[in-house]
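Take a look at the structures listed below.
Shared between the two complexes below is subunit A, which pairs with subunit B and subunit C, respectively.
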Partner chain A sequence: MVKVFIYPATSLILSDMVSRFGHTPLSSAIAVRERIQTAGLESPPLQITPEEPKKGLRWAAVEVPAGVRGRMSLYGPQIEACEAAIIINDADLSFGCMGCARTNELIKFLLRQKDIPKLDLYYPKNEEEGVQFVAAIKRFLDALGGKK
Partner chain B sequence: MTEYTPVLAGTVTKYVVVESFDITPADLGIRAYEISKDAMVKETCFGLVINGKQEEVDRIIAELRKIDPDHIFVKDRGFPPGDPRRCRANLGGARPGYHGMENEMTVIPYVSHGLEAIKTRDLSTIPLPQNPLEHKELDFSRLKKLIDAQES
Partner chain C sequence: MTPPVRIAQLSCGAEYSGIQHEIDDAAREVGGEIFFPDIALKDIRRDFDLFGLDVRSPDLKLAIARAKALVEGRVEADAVFIATCFRCAEAAIVRNELRRYITEQSKLPVVSYSFTERTTSGTLLTRMEALTTIARRRALLARETQQGITLGLDSGSATTKAVVMKDNRIIGTGWQPTTEVLKSANDVIAHALAEAGITRDDVQAVGTTGYGRFLVGKEIKADLIQEELTVNSKGAVYLADRQHGPATVIDIGGMDNKAISVMDGIPGTFTMGGICAGASGRFLEMTSKRLGVDITELGPLAMKGMGAKVPMNSYCIVFGTQSLVNALAAGSTREDVAAAACHSVAEQVFEQQLQEVDIKEPVIMVGGTSLIEGLVFAMGELLQTKVVVPHHSQYIGAVGSALLASGFIKDD
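Moving on, here comes the complex of A and B:
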C-alpha cells in the first residue's frame, strides 16, 4: 500500500480512486483529524494553534505569511511522507485567498521538486474523458505496486 | 484559554457519497444501520457520514460499496458527525467543505461512466488523457486567424 498525496487535498474523487485501487490517500481531512483528536488548548474551529506557523517554517521562509506557514504544517508532513502524487491542474474548487492560493502553489512546487511518481490530470469534461481519466489513474496506481 | 478535550478520539469519520439513479441515501442508510456495530451513521442529503473504529467503518463501507460500486464514492472527514464547529445546524448555510464536494459532483457522472467502462474495455487500448504539463505550441493557422481578427 503506497501513500499517495492528492491535490486538491480535499478531493472526493481522488480520495475515492486512490483507496478504491488499494492505496492510502493523504488528504487534508487526515491532517485536520489529527489536530481535532489531540488534547490541548482550545483553538476553534480547526485546532490550529500559534505553534503551527512555527512548524511551517520547515517548508516556508519566515517572511512568508503565517497563514501559509500554518497551512503548511498540515500539508508539509504529508508531502514528506508521500511516495506518489496525483495532481489535478484545473481544480477551480481549490481557489482561495492569498493564504490558500500561495499554499497551493507551494504544495505543487514541493511535489514537483520531489523525486516520486506523479500523475498530472485535468478534470474530465465528457464521458470519453471520464474513461481516460479513470484508466490513467488505475494504470498509475497499479504501476506503484504494493496494493492492499 | 480553555482546555480542549477531544470527543470520539481514536475514531475515524468517512463520507459516503452516492450519485446513482438506482439508490438513494435513505437506501444506503437503512443498509448501514442493518450491518453496523458500534458505529455512528448519519444520513445526509448526499449520502452518509459514518463514524467509528477504523476496521468497523472500513467493513461497513466495503459492504455498502457492493450495492452500487461505480456510483458510491468515499472520502475521509476530519470532524465527527454533528460537530458544532462544522455542522450547518449551528453555523447556518452550507457546511464549509460542502462547496468543494458540490463542485466535484458535477464531474462524478463522467467518473462513474469511466469506472463502468474500464470493466469492459482493455486498459491498454484507452488513450492517455491530455497532459497538463505538455507545452502546446500555437498553431500557425490559429495565429493567422488571430491576426486577421485583429486587422478586420
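Moving on, here comes the complex of A and C:
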C-alpha cells in the first residue's frame, strides 16, 4: 500500500480510484458540490485559524499571500509524507478544484521535485481521452503494487 | 427588530488565511450579515468567460461569477465586501476590476480590502460600519443643511475636535491633541461651548465620530455615533459647498488615511489605511520635529523648497526618517527636505490608495494635514488638479457629525 498525493486534492473521483487500487489517498476530500454557497470552491474545515498561515511558512516565505501559506499548512505535510503522486492538470471544476492558482503551482512544483513515482497528465476533453485517462491512472496505480 | 444589512462577500483566501470569522464578527457588530451569493457551477464557467478577465485562480473566477450575479440581480444584496490576500497580484487586479464593475453597473455600496492573517475584526469595523450606514441610512446622509443647535465631536487618533453649529453656521470650535480620550473630549467641548457662548443644555443634538466615538458617545449621550468615512464625506462636501455631483475626499490622518469617492455627498467607494506610518500625518510630525519647526510652519517651509532635489521614500517611517537625516547631513536645505517629505507622503497615498478609488473632481482635502500647504500642493501636482481645501477643514469630522446630528433634533 502506497500513500498517493492526488492533485486536485479535492477530487473525490481520484481519491476513490486510489482507494480502490489498495492505496491511501492523501487529499482534502471535500466534495465540490453542484451549488456553491461557501466562501471558496474548496472551503476548508472550520479549524483553520490565523496560526495556519504561520505554519505554512515552512513551505512558502512570508511575502507569499496568507491564503497560500494557510493551504500549505494542510497540504505541505501531505506532500512530505506521500510516496507517489497523481497530478491532473487543467481539471474541470466538477472533477475537483483548488481555489488558488499560486498554491496549485507550488504544490505541483513540490511534487515534481520529489523522487517518487508520479503520473502527470491533463484532464480529458472527450470520451476517447477519458478512456485513456482512466487507463493511465489504473496502470500507474497497478504498478505501485498494493492490495486490490 | 431591524433586519441585518445583507453583505455579499466576494473573496479569495479569507478562510485559508484564518480570518473569515473576523470578517463575520465585524459585520455582525454593525448590524450586518455576511453571505456568499449562491451560484451554480455552470454559472461560474459562463460568467467568467463573459467577464473576460482571464485569471487562473478558481476562487477568483467564482468571485467574478458572483459579482455578475449581483449586478444582474440574480442574487439580492444590500452591500458588497470584496476581500483578497495582500500581496497577490492576480487577486489585486480582480479586486479592483470587480469594485469598478459593481460600482459602475449597480447602486450597491462596495468596500474592497486586502488582508493578511493578522487582520482583525477591529481593523475592519469602520469599513463595515460605513458599508452598513450607506446601505441603511441613505435618508440621514441626504441631509444638506444643519438646523437648530448641535454639537459634533471627532475623537481622532492624534487630535480631538469639537464644533458647535447653529442654523447652518459654525459658532464654536475646540481642538487639542488626544491624550486621555474622555478628558480631551470634555476639554474641547468646553472650549467650543464657551466660544459659542452657550451651555451644554442649549445643545439639541450631539454626534460623535473618530476612533474614540463609542467611548465618548456613550459618555456624552450622543444621539449619533458614526464612523468617520461617511461623516467626513458629508462634512467635506458641505464645507466645500459641493453637495451635488461627484467629488473625491482625501483625509491624510494621524494614524490612517481615507480616500473616498463621493456622489451627492454619499460615499461610493473608499479605501482606508496605508501600509506604514510613513504615509500618514505622523511622518510629517516627525519631519517638523527633526527640522526644528512647528507643524504649522512645515507647509510654508515646503512651499519654498524643491522636493525633487532630495531623494526620499517614506514607504516606511523608519527609512523615511533615515532619508531625511541623510539629506540634512549631505547639506540639503530644510526647505528642500520639507518639500520632499510632503511629496513623499502624497506619493504614498497616491500610489497605495488613490488607485483604488475613482478620482473625480473636485478633489477635496480635509483633516489637520490639509492645512500643510506643501502637502496639498504635492497632492495637486500628482493628481494634476487644483485641490480644494475648505475653511474649517481640520474640523471635518466634527462638522459632519454636527450636520448629521441635526437629523436627531426632536420636534417640541
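Heads up, the rule we're going with is that the second predicted complex is superposed on the first by the 124 of 148 C-alpha atoms of A that agree within 3 Å, B and C clash if a C-alpha of one lies under 4 Å from a C-alpha of the other, contacts with A are read in each partner's own complex, and residues count from 1 in each chain.
Operating definition for what follows: contacts are C-beta pairs under 8 Å (C-beta built on N, C-alpha and C of every residue); 3 or more make two chains touch, one makes a residue touch a chain.
The structure displayed is predicted, hence computed values, not measured ones.
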Touching partner for A:Pro65 - first (subunit B), second (subunit C), both, neither: second
First (subunit B), second (subunit C), both or neither touched by A:Glu52: second
More subunit A residues in contact - subunit B or subunit C: B
Partner chain(s) touched by A:Ile36 [first = subunit B, second = subunit C, both, neither]: both
Partner chain(s) touched by A:Pro44 [first = subunit B, second = subunit C, both, neither]: both
First, second, both or neither for A:Gly99, with subunit B first and subunit C second: second
Contacts of A:Ser15 with subunit B and subunit C, given as first, second, both or neither: first
Subunit B versus subunit C as contact partner of A:Glu80, first or second or both or neither: neither
Where subunit A meets both subunit C and subunit B, residue numbers: 32, 35-41, 43-44, 93-94
Residues on subunit A engaged by subunit C in the complex (per definition of touch): 32, 34-41, 43-44, 48-54, 63-71, 93-94, 97-102
Footprint of subunit B on subunit A - complex, ascending: 8, 10-13, 15-17, 19-20, 25, 27-33, 35-47, 89-90, 92-94, 120-127, 129-136, 138-139
Residue ranges of subunit C in contact with subunit A within the complex: 9, 11-20, 36, 38-41, 44-45, 55-60, 62, 85-88, 90-91, 115-118
Subunit A partner contacts - residues on subunit B that touch it in the complex: 1-6, 8-10, 12-13, 15, 17, 73-80, 83, 85-86, 97, 99-101, 103-104, 107-115, 117-118, 121, 123, 126-133
